[in-house]
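Below you will find the structure I want to go over with you.
Letters A, B, C and D name the chains as they come in the text, with residue numbers starting at 1 for each one.
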Amino acid sequence: MARRRKTPARVSHEVDIAVQFYDVDPMNIVWHGNYVRYLEQARSELLQRIGFGYLEMNEAGYAFPVVDLQLKFVRSAAFGQTVRVKASLIEWENRIRIDYLVYNIETNETLTKGQTTQLAVELKSGDTQFDCPAILLERVAAML
Amino acid sequence: MARRRKTPARVSHEVDIAVQFYDVDPMNIVWHGNYVRYLEQARSELLQRIGFGYLEMNEAGYAFPVVDLQLKFVRSAAFGQTVRVKASLIEWENRIRIDYLVYNIETNETLTKGQTTQLAVELKSGDTQFDCPAILLERVAAML
Amino acid sequence: MARRRKTPARVSHEVDIAVQFYDVDPMNIVWHGNYVRYLEQARSELLQRIGFGYLEMNEAGYAFPVVDLQLKFVRSAAFGQTVRVKASLIEWENRIRIDYLVYNIETNETLTKGQTTQLAVELKSGDTQFDCPAILLERVAAML
Amino acid sequence: MARRRKTPARVSHEVDIAVQFYDVDPMNIVWHGNYVRYLEQARSELLQRIGFGYLEMNEAGYAFPVVDLQLKFVRSAAFGQTVRVKASLIEWENRIRIDYLVYNIETNETLTKGQTTQLAVELKSGDTQFDCPAILLERVAAML
């Protein structure tokens, strides 16, 4: 059964991203859609650390498409700043749910909050799975 | 007071988007983050039709940053397909809320559902406003 | 033998692209890297018109990666403008070379000039080919 | 007078970039247009190291739009790899010309070669300048 962890997420990962010129819009702030790239960068590294990155997913016979994405934009980031993205694994038994906090590395202020949900799809059949593969559960267990 | 319209949104706009090669990821489907561009294309045209596009917002002294974005990915789109994005104005008094439906133009199947919320920011002061400028209300009223 | 056509290219295609907010940088002009997307949109439609789009290439057993890209930025484009991209097939016997002209639809002024070169790669062997597949030559011949 | 340096460029900078899932196309390789982002990331850091980053340019009263971009794609990069981009300052007196070498960090193989040319534009007048501001020449001289 999927459980929302009541305790603080123990499997998390942080990545620092320097805001690039091409990320910034005419309002002189990061265009909101670019945070999807920032989140993916943090998610990708988090899953690699767990030992279940995209390449390992594929070897295990699965893909994990994002089925839900939510973003709240609290404050803006400007060119020249570095933002830190913290990705925390919240669910991993029936689906992968990751929560994100993007914050200004100097002021510690929250810029953006996000969450993504991914479902396992068996590559051979193309069928969506309602339980995550055992290998993911084992690898997460090893980190807790 | 912000009201969710009970009646079907009467102010809406549809845009057709041909899926490009650069939109598609190694799974041969549109990378989920690219839907943020698709939504913005529809939103931009909808707001222009209302007579309150980004340039008109600026002339009126406001910007409308996206403060909330939600996306549900139901089915995937592939290179060579054309998707239709329907953007519907749901709220416009205290904030701009737009709902989106992305669907396959041939099968009529829903691909993605989305919503964005934008708040008015007065350009001069930088202050977030909790009512939309009168000009927006007038222009929406003229369309209903 | 590859021949640069002395006569004006007879196989060409134009596509109109509305500059989006997400295309524009803090200088209020289209970020130069986004023209690569504009070019690809025109190239993709040109190749489809010839009957040798990416899907048809793959069915024929080939991919055509871009091996060379050149862009000259003459004038800038702003949000709210529509640009027209004209893509012209220049070479197709040994490689695909396409030239591009991006211009302002209202003033007729040239914004950007570009060219791309693509080489055939046989999907089965992964080998680069120094002649284009016969099917491309036939389809181009049919259009001249 | 603009001089192409005969000696190896002494002002250069390297940046490592992990190829992201969203950078990769259906051929399982980095989409060619994404190298424009990779180059800009290296260029931006190089100019900052010189003490003439985008923010310093603006303070000095100038922008430096890219007027020419050339890219040769030699080998492909895949998801999971890290590429190194070396940016070298080649001209700085009349215009900024930077050459780029993108290579595979493990095999040392060249993936992409590039060059960009930027011209100074005075922000106040909007006029293109045919000499770079003295401040750039001083800062480059200090690094040689």
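Observations on the model:
Note that a residue touches a chain if its C-beta (ideal position, glycine included) is under 8 Å from a C-beta of that chain, and two chains touch if they have at least 3 such contacts.
These numbers come from a predicted model, not from an experiment.
The greatest centre-to-centre distance from subunit D, using averaged C-alpha positions, is reached by B. Chain pairs B-D and A-B differ in how many C-beta pairs are in contact, and the one with more is A-B.
A straight line joining the Cα centres of subunit B and subunit C is 30 Å long.
Rounded to whole angstrom units, the spacing between the C-alpha centres of subunit B and subunit D is 35.
The centroid of the Cα atoms in subunit A and the matching centroid in subunit B are 24 Å apart. Residues of subunit C found to touch two or more other chains are 21-22, 33, 36-37, 40, 79.
Touching subunit C in their complex are the following residues of subunit B: 18, 20-22, 36-37, 40-41, 44, 53-55, 79-80. Considering their complex, residues 21-22, 24-26, 28, 31, 33, 79 of subunit A touch subunit C. The residues of subunit B lying in touch with subunit A in their complex are 27, 29, 32-33, 36-37, 40, 63, 65-74, 76.
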